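Below are two complexes that have subunit A in common, paired first with subunit B and then with subunit C.
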Partner chain A sequence: MSKLLSAQAMVDQIPDGASVTIGGSSLSRKPMALVRALARSGRKNLTLIVNVGGPEVDLLIGLGVVSKVIYAFVGFEVLGLAPHFRAARQTQQVEFEEWTEYTVMAGLDAAIKRVPFLPTRAGLGTDVLHVNRSFRTIEDPFSSQTLVAVPAIHPDFALLHVNYADDRGNGVILGDGHIDVLCAKAARTTFMSCERVLNGEELQKFGRDVQVLRIHTQGVTEIAWGAHPTGCAPEYRADLKHLEEYIAATGDAARWNAYKDNMVWAEHNQYLDRVGGREHLVSRLHV
Partner chain B sequence: MTLYMAGFSHLIPFAAAHEIIRQKKSHLTLCRATPDLIYDQMIAAGVADRLVFSYAGNPGVGLLPAFRRAVEQGDISLEEYTHFEMVARLEAGAAGLPFWPLKSPITDLVLRRPAATVTCPYTGAAVPTVPALNPDVTWVHVQAADSDGNLYVSGLVGEMKEAALAAKTVVATTESFYPADVLRTRRGELLLPGFRVSAVAHVPMGAHPSYASGLYERDTRFYQQWTAIAKDAERCQAWLEEWIYGTANHEQYLSKWGQDYLNHLVVGGML
Partner chain C sequence: MNNRDVMAIISARLLEDQQRVLVGVGTPNVAANLAKRLHAPNLVMIYESGIIDARPKKLPLSIGDGTLVEESLAVLPMGELFSQYLQTGWIDIGFLGAAQIDSRGNLNSTTIGSYEHPTIRLAGSGGAADIAHHARRTITILPHSRERFAAKIDFVTSPGHPPGGCRTDGGGPWRVVTDLGLFGFDSEGEMICLSLMPSHTYEEILDMSGWHIPFQSPLSVVPDPSPEEIRVLQSLYDTLPGGAL
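Here is the complex of A and B:
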């Protein structure tokens, strides 16, 4: 059964108020084309669940469509803080729940294992338990140690971008898998974009690099450069020049409106032309 | 000492078990999801006085006769779990945690071993748990290892990784042994990094009569023959005398089977 869908058809299925977990990490392999399609959809009151968030979280906050973020980190890595995320934290316009990288993984893993929580020592003796009042502790029934109980996270949707996929929804990740597999397994519905759709036999040759399995995916779409402006190893690196332009555009209403008109309200091919065209991207960003 | 010899039907470290039998080790606590023939032989040889396990059987054939005899005679004590509970115990052990919560419903197995439920602090639900399992030693058999102790497995991994990460000490036998760095490109097959592995021995066909994916098939004929051998206590001891105590090492054990016999098992037909 083919699960090939357009990005538009994917975001059409995401309702207002949905919780969406997003794969990738920092400036690596974020499903930015799907995120831009979601931004264009006009959906509101989204809850975002990320491990190491970056441009995807910042863009959606900047568009005013996010009501809550569960995260371990949000930033622009070498380029500094995430401007809209920072502003939203300062003005408290968005609800924020600060977790840690491991507890986000454990929360998704708890959902996958169908238990209401998973135990961990992560967070004990730190301020995480004060910053995040939603975490509770539990006593080990065998040795009476106190541990953190990480509540299960049940995302409605997962958005991923991978190197290759087949039309049945198997996905190959060649670089760091980050938490994509946890996102795919924990979410009720998983949509995946890929640099290239391959036939199933070609895909199988990648062995254990076939990390996302078809039983966990409901939609696949081919979007070359679909992670831009983040990178997609080993093919292309993050576009730091574009991200600098993005950060610069966030300081001022007129420039931010121009950025949105140019880069968000554009189909993916238009977007690629506006960031310089495919040939230009190859020469600048190919590894 | 608590010993976990890993490998779920695949890559069962039989050569290591045979050497443990030859060296007449005793009073071991043996842990395994599916004790299989490997523990039936070890129990027959009297190396164990306790078994922590899930599903004791000869897969596809029937019961484990030596295991059954030892239980009936009271020679061995048991702690029984489901497969999933065993994996959850190892997962807790690997994570350095004292327990692991389960979705799995409480079966009557809990009446026979330590168990406890916790109250979920979010939902109020009673959640079954199992205690961590931290073997003193976990033994794995792998297709390839390098001189740094990096271990590589292709095909079915089963609970090998969890069992190894839960153990205080990890030792390995390997089908092939390489200098450091040669195997780096096989990253997808990495079972364990060398810093977690204490020792590696090069033992080709070290999983016989189980199988090593891509190298040799399971010796199903021997798995079937084992029932008759092990059912009769005297015949079982005679088998151990002839095939284990009577051979100095795994090489001699293999040559007793003979090249022609083993060639039928080898993928591609030649050893």
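Here is the complex of A and C:
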């Protein structure tokens, strides 16, 4: 059974108030085309769950559609802090819950294993334990040492972008996997965009690089350059020039409105034309 | 040579051949790549996205840069790296940055100002809290200023030495590298100045720190960056688009 769906059909299934976990890592393999489709859908009060967030979290916060972020890190790496994330945190517009990379992974892992929590030492001796009310400290029933109980995280949806997928929902990731597979397994519904849809036999030749298995996927869509302006190894690197323009646009209401009109309220092909067109992107960003 | 370059060179000298180092973004990334091209060719560079024994030909721009995947020994799922390598004590050195540090090596990378009403919102823990807890020891690199070296930091993101002594398992903060000095921790888990950076003074350190940092006698000066270190650093920068960070 084919799971091919348009990006529009995917975001139509995401209701107001949904929790959405997003794969990739800061400037790497973020499902940006799906995120822009979600932004255009008018959905509100979303809870975002990310390990290492970047432009996707920042864009959705900038559009005012996020009410809560569960995260370990949100930033633009070499380009510094994420502007909307930073401003929203300073003005209290969005609820932020402080996690760490391991604890986000442990929370998803607990959900996958169908246990209510997983124990760890990470977080002991920090203020993360004081401000994140989702965490508890517990006493080990065997040795009485104190541990942190990380609660299971149950995302409603996962959004991923991978190199290749087939129409059954198997996905190939050629670069770093980040936490995409955990997201896919923990979420109730996983939607995946890919640079190219391959037929099942072609895809199966990728062997161990087939990381997302079809039992975890409910929808697949082909969106070449779907991670732009983040990178998708080994095909293209992050578009630092575009991200600098994005950051500059966030500084001023008129420029931000213009950015949204040009880059968010645009179908993907229009978007690619507006960032210079495919040929131009190939010449600048192809590895 | 700017301060950051000198900090990268001095930090690189702290890494030994064969060590397994979990490399963070920014100056730690420059330092580890430098060490591997100088005195530590068998340094095992590990990146938090799951890259084991990276041998990047270019200086990686970010975690997730494709240059890290090519020719690495393995690309593990990130969850496996954190749960089954980091937490087992397999990582010799965790290499961190931070916005603030206190006398016990507690690190802040969450907020400046109160948590509820911050003046600056930083990027968050990332993996730092996990790495600070589970690496055998850590090196932290940060610029030296009175705001950053605070008697009481605004938020403890990553744990330092516990109150009353050093970590009993031998882990925790080991070295701190700034543009003014090289620091360690005494048997009580309090920061001490081990050496001065070239052309800086102990008085500057006292002026630029929010508490009185004692020094280990005799107080030495770190040797100047060597021509070889400067040459290799420049050759690393030459691999970046545009030639510099």
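The definition used in the following text is that the second predicted complex is superposed on the first by the 286 of 287 C-alpha atoms of A that agree within 3 Å, B and C clash if a C-alpha of one lies under 4 Å from a C-alpha of the other, contacts with A are read in each partner's own complex, and residues count from 1 in each chain.
Here is the rule we use: a contact is a pair of C-beta atoms (placed from the backbone, for glycine too) under 8 Å apart; a residue touches a chain by one contact, two chains touch by 3 or more.
Treat the numbers as computed from the prediction; the structure is a model and nothing was measured.
*Asks:* Go through the superposed model and pick first if A:V78 touches only subunit B, second if only subunit C, both, or neither.
*Replies:* After superposing on A, A:V78 lies in contact with subunit C but is clear of subunit B.
*Asks:* Check whether A:L63 is in contact with subunit B, with subunit C, with both or with neither, and answer first, second, both or neither.
*Replies:* The answer is neither, since A:L63 touches no partner chain.
*Asks:* Between subunit B and subunit C, point out the one touching more subunit A residues.
*Replies:* Partner touching more subunit A residues in the overlay: C.
*Asks:* Which holds for A:L182: it touches subunit B only (first), subunit C only (second), both, or neither?
*Replies:* Only subunit C; A:L182 stays clear of subunit B.
*Asks:* If you stack the two complexes on chain A, which partner ends up touching A:R121: first (subunit B), second (subunit C), both, or neither?
*Replies:* A:R121: touches subunit B and subunit C.
*Asks:* Does subunit B (first) or subunit C (second) touch A:V287, or do both, or does neither?
*Replies:* second
*Asks:* Would you sort A:A149 into first (subunit B), second (subunit C), both or neither based on which partner it touches?
*Replies:* So A:A149 only meets subunit B here.
*Asks:* Identify the partner contact of A:A7: answer first if only subunit B is touched, second if only subunit C is, both if each is, neither if none is.
*Replies:* Once the two structures are laid over each other on A, A:A7 reaches no partner at all.
*Asks:* Which of the two partners, first being subunit B and second being subunit C, lies in contact with A:P141: first, second, both, or neither?
*Replies:* Only subunit B is touched by A:P141; subunit C is not.
*Asks:* Intersection of subunit A residues contacting subunit B with those contacting subunit C?
*Replies:* Looking at subunit A, the two contact sets intersect at 120-121.
*Asks:* Per the contact definition, I'd like the list of subunit A residues that touch subunit C in the complex.
*Replies:* So the residues of subunit A touching subunit C come out as 24-29, 51-52, 71-75, 77-78, 81-82, 85-87, 89-90, 92, 98-103, 105-106, 109, 120-128, 131, 174-179, 181-182, 231, 233-234, 237-238, 240, 287.
*Asks:* Under the stated contact criterion, what part of subunit C meets subunit A in this complex?
*Replies:* 25, 48-51, 61-66, 68-70, 75, 77-79, 82-83, 86-87, 106, 110-111, 115-130, 133-134, 155-160, 162, 241, 245
*Asks:* If you look only at subunit B, which of its residues touch subunit A in the complex?
*Replies:* These residues of subunit B touch subunit A: 95-103, 114, 116-118, 120-123, 125, 127, 129, 131, 154, 188-189.
*Asks:* Using the touch rule from the top, collect the residues of subunit A that touch subunit B in their complex.
*Replies:* Residues in contact with subunit B: 113-121, 136-143, 145, 147, 149, 151, 207-209.
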